[in-house]
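Chain IDs A, B, C, D, E and F follow the sequence of writing; residue 1 opens each chain.
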């Protein structure tokens, strides 16, 4: 069987402990895991794409088969360019489920060789999202149990008065 | 029984093969089917209301009992003006279901003579939406299996570099 | 357009005010509405099929275009025998929705001329089911706001000590 | 047992009969109920926070243990300032449910002494939301069965041509 | 305000750490909490009602305002007999939510003074149910993190070869 | 990376085209795929476990890395015995999703080295289940588009008058 390369796409604005849970578990399942940060010109992120990639590289440097990259193209075209054939996605809730089913069906139709594999988010992170973390950080609430230390510091810097 | 007139309301920005599936099946159930394109001043559509109506007329011209119209008023008031008493809606997913239940209950309260009838979208189009089509077209991805040929051409024109 | 005949299939063990709401609204939408009581040999009902049909006939006798019948065959074959082309179903909740989507897709595959049209149950009956009514009647709880008077009497007879 | 103070947080832009149903039922469950109007600088409301508080005070003045207040801070910090330990939330639909579960888990993690108690919205208001009311009012549709009379008047004033 | 008595009804066959989480949190919210074990003659439980009550009493004896009782009547009638006016229920998942909404609406209709308050199960117990625990115990799998020690012993006794 | 062995557990009573879709896609993702037929003494299946295994072997014989086996133990213990570390499951609907999340969380807690990977069922099979196929076969309805030819024959044999 040829080398198995998976892509874990997302905004990661910023990476949370929920994302870290998926990255660590997925890294064990594939020869290489590419964490692909979406560069969407239409949305204004809190962290610029380079900051998001830098933080992801720092928190994944202990996993030698994990690579951090950015993409701004159609996901299936990016996968072909990277010779990857598996998309990894985390599932938390019913509303995730429906959107993810829609995306997986679309990607399968666009590029039938690409398979999407889903992992359930661990129960203790099932309530966590980048949006909620930013909402709490904005009011200087406690975020140390929600994101890696380096990201917590970056969030405190952003929202410093 | 008097003439049965149904209204299929939506944004149709643009019409997809999922909408076409509902239109073709609904046209068999009623004496007349009015495809009513919503003119919502607060949202900026990709296609102006006249372009959306023109495309819908072109792709439904083989169905003599289908009429294309625009509306910008309260749906139940538009129905009374058109002497229509049935709203047709497609259901794809659980999140559709809840929003649609809310709209059907509201419309029934506002105008008790109006009935909403739901049709399940065929499984092969269950993942399809105008938003996903536009997302793919924006990156010059393949859209020919998702929309009628005339709409695919219009999308390629819109997103030409 | 030829005569429009719809079938509203179910167990009706017994008929509730939620079923009556669908029957009354559906009777206005079709030339004829057949309320088709399922005879499932594998399940032991509270009311025998003849009792269920007798009660339905009594509570629908003011609607001249409503007919009550029994069926024990594949639904789509029964529809062909009765020259009916529309199945009517009520939707209350998300779990209904998924089962109904599954049944509508199967029936459409088995007999493509058959269309399933769904009506949302009115909010005030959204919590009501035959099972809940029987559960309350078993403990001699108040059921007069949940079923027609004739059915309330029949339930009290069944559960008399 | 010490005095039980609950907070019912929301945007209330404007208060609907669905909110009133929750307020009236919750007021019976606690020694004091604080209706806390969210002041979110990032969203432009239809009614300014002072108008929303004034309307809420008028429609709750017959309930002596209900207080109306505004807040713009992290909810759990506001609760600590007010010595309140219960958050009250209404549940209408599956999509509410998931968002509310996420918020309740986050608030519990931030401040473990705070408990969130949920009440199901009464079926007759299950379809109602401030957004739907504003949508109908914008088109001068009938809103008298959806909001208190004072709010209906305020909405008609806002959308007068 | 008069004494606040709540009832937490269920089968508790057997009590799990998920139930314990709700009992401990609910006991802080009310003057008295009655854990009411359902005696349903139609279902054959793994543990007889007396065993279930005995185990619940043992694991709640450190909470002086918690009482364990059995009931076999209509819940709302039992509540009236016990002068209780609040039903407490845990919510884990969307399917719970729909069933619970149905029961809460029915109970409110049968006895409008009764209010149902819902608590979200803590994320780490969101996957837990008595059925899953029995399934694992049947195969002599590890259950010590799922139920109180006394219940784990009772389960091992039941399934000893 | 060591050999990747996945287990696809289920009742397969009987195998449908929906199961075949998952088997064929999963076989491409792993070095070996074990289709593990559940032997549950408490349920009476339509096909005995040996018939179910024989049919599965016949319809998967063109896939050299697919093995068919039976199991009657705790799934995670079976996986350890087979040196497998991935469970494959198909997801069709929201109700699947919740049950599967519960099972995946339980299995992860019982055996943290085991990972569950989910694949979305292709839209054209999203309505399909063994139960629905048996329901149609029982009434001698058309099943040739729902199961492999060999299974269709076996079903017709079972339900011959």
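The definition used in the following text is that a residue touches a chain if its C-beta (ideal position, glycine included) is under 8 Å from a C-beta of that chain, and two chains touch if they have at least 3 such contacts.
Keep in mind it's a predicted model, so treat the numbers as computed, not measured.
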| item | value |
| --- | --- |
| Superposing rotation of chain A relative to chain C, computed on C-alpha atoms, to nearest 5° | 180 |
| Between the pairs B-D and C-D, the one where more C-beta pairs touch | B-D |
| Self-contact between copies chain B and chain F, residue sets same or different by half | same |
| Between chain F and chain D, distance of the C-alpha-averaged centres to the nearest whole Å | 47 |
| Inter-centroid spacing, chain C versus chain B (mean Cα positions, whole Å) | 30 |
| Between chain C and chain E, centroid-to-centroid distance (C-alpha), Å | 34 |
| Per-residue multi-chain contacts in chain F, two or more chains | 94-95, 98, 101, 105, 123, 126-127 |
| Chains touching one another, given as label pairs in label order | A-B, A-D, A-E, A-F, B-C, B-D, B-F, C-D, C-E, C-F, D-E, E-F |
| Touch list for chain A against partner chain F, complex | 1, 4, 25, 28-29, 31, 86, 91, 94, 97-98, 100-101, 104-105, 108, 115-120, 122-123 |
| Partner chain A, residues of chain E touching it in the complex | 94, 123-127 |
| Residue ranges of chain A touching chain D (in the complex, touch as defined) | 93-95, 126-129, 132, 136, 139-142, 145-146 |
| Contact set on chain E toward chain C in their complex | 73-74, 76-77, 94-95, 98, 101-103, 105-106, 109-110 |
